[in-house]
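See structure below.
For clarity, chains are labelled A, B, C, D and E in written order, and residue numbers in each chain start from 1.
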Amino acid sequence: MIRTLGFKHDGTCFDNISLNEIKSDQFAWYWVDFNQPTPEEEKELTSTFDFHPLAVEDCIERDYQRPKLDDYHDYIFFLLHSLPKETYDALELNLFVNDKMLVTFHHEELRSVNQLFEKLQHYSVKEAVDPVNLVHAIVDNIVDEYFPYVYGIEDQLNHIEERTDENSSHDLMDRLYDVRHDMQKLRRSLLPMRDLLYRLLNTTQISIDKEQQLYFQDIYDHVIKLVEMLESYRDFSSDIRDNYISVSSDKMNNIMMTLTVITTIFMPLTFIAGLYGMNFIHIPELEFQNGYFVVLGVMALIATVMFFIFRKIGWLRFSRSRKKKRRRIFLK
Amino acid sequence: MIRTLGFKHDGTCFDNISLNEIKSDQFAWYWVDFNQPTPEEEKELTSTFDFHPLAVEDCIERDYQRPKLDDYHDYIFFLLHSLPKETYDALELNLFVNDKMLVTFHHEELRSVNQLFEKLQHYSVKEAVDPVNLVHAIVDNIVDEYFPYVYGIEDQLNHIEERTDENSSHDLMDRLYDVRHDMQKLRRSLLPMRDLLYRLLNTTQISIDKEQQLYFQDIYDHVIKLVEMLESYRDFSSDIRDNYISVSSDKMNNIMMTLTVITTIFMPLTFIAGLYGMNFIHIPELEFQNGYFVVLGVMALIATVMFFIFRKIGWLRFSRSRKKKRRRIFLK
Amino acid sequence: MIRTLGFKHDGTCFDNISLNEIKSDQFAWYWVDFNQPTPEEEKELTSTFDFHPLAVEDCIERDYQRPKLDDYHDYIFFLLHSLPKETYDALELNLFVNDKMLVTFHHEELRSVNQLFEKLQHYSVKEAVDPVNLVHAIVDNIVDEYFPYVYGIEDQLNHIEERTDENSSHDLMDRLYDVRHDMQKLRRSLLPMRDLLYRLLNTTQISIDKEQQLYFQDIYDHVIKLVEMLESYRDFSSDIRDNYISVSSDKMNNIMMTLTVITTIFMPLTFIAGLYGMNFIHIPELEFQNGYFVVLGVMALIATVMFFIFRKIGWLRFSRSRKKKRRRIFLK
Amino acid sequence: MIRTLGFKHDGTCFDNISLNEIKSDQFAWYWVDFNQPTPEEEKELTSTFDFHPLAVEDCIERDYQRPKLDDYHDYIFFLLHSLPKETYDALELNLFVNDKMLVTFHHEELRSVNQLFEKLQHYSVKEAVDPVNLVHAIVDNIVDEYFPYVYGIEDQLNHIEERTDENSSHDLMDRLYDVRHDMQKLRRSLLPMRDLLYRLLNTTQISIDKEQQLYFQDIYDHVIKLVEMLESYRDFSSDIRDNYISVSSDKMNNIMMTLTVITTIFMPLTFIAGLYGMNFIHIPELEFQNGYFVVLGVMALIATVMFFIFRKIGWLRFSRSRKKKRRRIFLK
Amino acid sequence: MIRTLGFKHDGTCFDNISLNEIKSDQFAWYWVDFNQPTPEEEKELTSTFDFHPLAVEDCIERDYQRPKLDDYHDYIFFLLHSLPKETYDALELNLFVNDKMLVTFHHEELRSVNQLFEKLQHYSVKEAVDPVNLVHAIVDNIVDEYFPYVYGIEDQLNHIEERTDENSSHDLMDRLYDVRHDMQKLRRSLLPMRDLLYRLLNTTQISIDKEQQLYFQDIYDHVIKLVEMLESYRDFSSDIRDNYISVSSDKMNNIMMTLTVITTIFMPLTFIAGLYGMNFIHIPELEFQNGYFVVLGVMALIATVMFFIFRKIGWLRFSRSRKKKRRRIFLK
């Protein structure tokens, strides 16, 4: 579907304008949104707007494309990653911008674009709106959508950390690696978007005035904050992993201690019992009236001595369960 | 609460001045402190001072915000992290500065700001004080407050290192990871503050004379020192962790050796005892008068040989407890 | 074999021209392809074209040579890595280019060069083709050939990750290290090719117009994308390895628990049985009518208590098999 | 103690001059050494020399201070780390220098300063000595003192590496981490001293002629060499640690193999013995005349088969002790 | 031994010229080689050539010296690492060069210098040879000598990798760390030589024409290739180490499984046998005619069930030996 908005010089705004009409001089500038376009509609990028084939190729291809900004001589073309509702697999938004035009192109329905389009469609007075304002609004929305995802990462890491020494920590590490995987996806979108915003701040292709620059600077700031949060989480997740390994090794030590203590106490006792279970014709001890009780006593003595030795060298410690306090990494 | 101090051209200082009055020409410059402001008071940032909405938003939002410096055309706005009494979760201090004004804004009571405000309020003569001096005093206080925290990190690491080979080292690693977590928080505050100070040294928005520059340079120096200490501690904490792993693996080796020695000595003995406990009608050894004593001798021989073999290959070593000398990492 | 194509000023193209003839003024420019040349043919590089001995040496030597671009005064010489069908061991393609000449040299049959040569040979009209277009086409083909290999890496990593907790994971890690090895090979080709393309974009030796520059920029973009994918895969493969280690350690813990539980339950029971198998003349319990049943009861009691203790401390957990969902790292 | 040396224009040198006299025009330049000054003497820094309070604070404070160079308008102030006899905890040496003055300040006795002072004091002819020569001599001495420490690190690492597979390697890792700790201390002194020397080479505050520059360049060279040696040692120590872990894991494997072999051989034998120790009224084998010998044969057979199986799968290997050749890392 | 070659303006070359004569105007330029000089001969560096004492010190000292280039005003002094026949401990070659002179100094016999010297000595016609050509030839020889060493590293790594899962992998890791050690030595020579060559390409002290520059560029290229190979090998060796750890952990798992399976099968059986070996006066089962056979049956049943359980959970897997294909990392 192709949606259009035309803005006259007096600030009034009209929608549902045909693509031929919208490029005429009656409009100061216009926004054309290719929302999940059909292959037929995709061709308008070339036939109506005459965009460069390389930019058109980047739009149409459904392959992964990293955020980037290309300067074609009459317009800039750039590409952002927007986050969808449920996954961390970013959706692409392609934008063609100059001072008279904003063309957006996306293969999937995008919340941030929709909201803005409908808002402009239904309010009558739109003073002082120009393509730069629109681009700011779209980019701001897209960047703001990252925050809940990034905070979600933190929640998951905290949840995993709290459970590190539970016995059911069986697939905890697996979850941790999934979270790291998601972090990597976010980072792969945010790092080039940081560079892109830096270039957008310094492009001469569209006229961003000093006041508008402050607003783009503010988005740039947020992206830096998001990137730093992800760096922090990465370190944190490495520490969780390393801690898990040491907890796991502690557990193994405990299990082995138990095994060793039991074996070391019972082996000599069982041996003694076996000794007096032998059928030699002449074993003097067997004939003592109280031999059995003496042996029982010796056995008790051996077990007791062993017990105190193990307590001395610390092998009779039992694992206390540790309480974790939940904490926030970033938000206070 | 909004607190005010107005400084006349002759250096005299008055407090409790209303916000309207303070901007008049009778004051050479003024300090307004928004100390835990109510939502009503927060609005003065816009209505009285007409600060830029983006800066106001950064002030008012209670979200984590990284230290940064923004140059609005008539003033600079910057944001520092101050450390509270008990935790490592930094508190934000927002400052608006130009040559005629210092506005500070903070959602929590801050020691460093309070001390300075009260000092200025109660002493009558304040020669040669200007906004730059005040900013220096505040930033100096805030940075100085980091030192005990950073030294505290060192103490904790030393304490953990000393106990690495204790048997009760059970949740030692957990504590280590908590310390690393705190270090990360401090680093997250200090790294952008280092950059901020560098930019403050080079800003043209406020007039810092050569002499004052030396003083800011001194703070910058301290922040670099703090950052280097944290880097050192990070390396040190990694080494503690790695050492713990090797100590832990040594322990496991010891436990396994004990188990193996005991098992290897008693298994053959128990087998022999079992052998002569069989009920076959014809077992010649059983009928020898001294069979029992011969078998006892053989058993003793086996045990002795085993014992020497194990001593030879070094499996009869017992863990000596290691003494750690406490050492200082940074302070001599 | 040496293949030639001569392009006249009117755009017509002729093949099978002798090396002497092709340098004459009747051709606007020409392409000479040294395809698996014989030692005899290799000498033409010097005798006919008088290329610099260092460049000729780089061509002829069959040693590994990293992609690079050298500026000899009358032409540029550069060297690319092309991927063959089945392995990740790149093949070299050497190119000598100026505005009147394209000479390609390769010791192995290269798909990308062949396709292009045959396409030019069989179509009659070749408007607006110049050496720069040809170089673009060749480099574009070569870079495009990397994508299936890089996606293949992703598939292998996903396949390995899915099987991480299978019991047959025996040589999984070995395969992982082989994949890492292949990734390293790809990286070793792609990193210098990224630099080479950057230099090609900025060379003044061949005249690349603004329009053509966009096309080289597009290839540069693809190489950056490939490099970033490899970086991502490297992180991902490290995480798989670390996860494998934690899965492996979990398994060991389970095995040790089983061993310890079994040993701890049966050792006391066997000891008791051994106790009453002793042949002392006076063991009162043996003479009780129901002694056997009492002992059986005691044994059952011990076993039951042990069982509940182990369940309490969580050592009776059995490894559930985990289901992995397959996911895509890059493509959506 | 404050020691002074005054140099006349004719090159003659006088000592024991009072602080008031020394600043007079009769001396071309002078050296004042604050050697472990009393609090009273420390005040001369301000009262006599009028040094900047920030520099004075850096001198007097006994806190750790990183090497740095500050340019005060009439002199440069810098701070070096000198190594004491027995530990790696550097001592601070503060220097104030311009073309007419060298003031050194240190809280501890420093060999390098003492030697130089006494040498100047006792030789009568000091042609062509100026503050820059003195600074060079002091800095050269201080840097040269690092070499034995750094070579000492190498010796310790070699000693640790040689003993990696000894059985008494118990606290080897602990020593390794102590060495790493010392390396970190050296690095913390040397890295900022490298930067400091670079700045000293480029300062305009003191006049270093081309010839003198070569000499400072030579010291700079040595510091770079020291830093590179430490980097190498760091890598080497990491490899020792990793190797220790693999040696340790090898040992564990050996221990477990022994345990498993012994257990696996004796368990079935003991079971068979137990079988024929049962007291059933009818066990046919027990009544065979040669039953006992047949069972002994079967047992021997089982043990032999087991033995060959274990030899086949390689579990009967015994740890050979490995010989390490001692080698030099840096010195040939 | 001091060897000399004097080149006249007509290109003729004479050897065995005394040091006094060689500096006279009859020679266009000369080469003096200090080959393992005696202390007496070393003094000529100062007395005859008047080289700077710092450069002379660097020559004469037998300490490790990193490759570097120093610009003394009349000549450049630089220092290379040459590889000897059998070890990776580089030998130093010191060179003093300007347009009229080449002085080489080395404490050990160096192949690359000898070959060149003898070649010049024995051929009569030496057209177009100048000090720059000689320096190129020497540096080229020295760099070329690195290749077999670096390829040797690769062979060793491949050999180690192939044997990773052999049982005799006992000191494999030790060898790996030795190889890493050698790699580090090579890197320590090659990294500064790369920088040195870069500076040599850009020095203005000796006149390198455009053509000669291409030749030095070619050497620079080779050094970059060597450095990249070493980086690759470093990664590869880390992967071998990590793989070894996972192979080792797999082995441990197998051993533990065997132990657990054996223990778990025989412990209950041995317990049952012990049970019916007790001497209670009344154990009903013992009096059944077929009691023994029933018990044997029960035992067989228990063993069979256990066997199937272990097969189900995968603990009865036996380690297949893995076949490694040998592969080349760099050469195709």
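In this section, a contact is a pair of C-beta atoms (placed from the backbone, for glycine too) under 8 Å apart; a residue touches a chain by one contact, two chains touch by 3 or more.
Computed from a predicted structure; not experimentally measured.
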item: Touching both chain A and chain C (chains); value: none
item: Between chain A and chain D, centroid-to-centroid distance (C-alpha), Å; value: 41
item: Between chain D and chain B, distance of the C-alpha-averaged centres to the nearest whole Å; value: 25
item: Set of chain A residues in contact with two or more other chains; value: 245, 249, 252, 256, 259, 263, 267, 270, 274, 277-279, 283, 319
item: Overall pattern in which the protein chains touch one another (line/ring/star/complete/other); value: ring
item: Ring walk, chain D to chain E and onward; value: D, E, C, A, B
item: In the complex with chain E, residue positions of chain D that touch it; value: 165, 210, 214-215, 217-218, 221, 224-225, 228, 232, 235-236, 239-240, 242-243, 245-247, 249-250, 252-253, 256-257, 259-260, 263-264, 267-268, 270-271, 274-275, 277-283, 313-315, 317, 319-320, 322, 327-332
item: For the chain C and chain E complex, residues of the former touching the latter; value: 52, 54, 62-66, 68, 70, 72-73, 89, 91, 167-168, 170-171, 173-174, 177, 180-181, 184, 188, 241, 244-245, 248-249, 251-252, 255-256, 258-259, 262-263, 266-267, 269-270, 273-274, 276-279, 283, 285-292, 295, 319
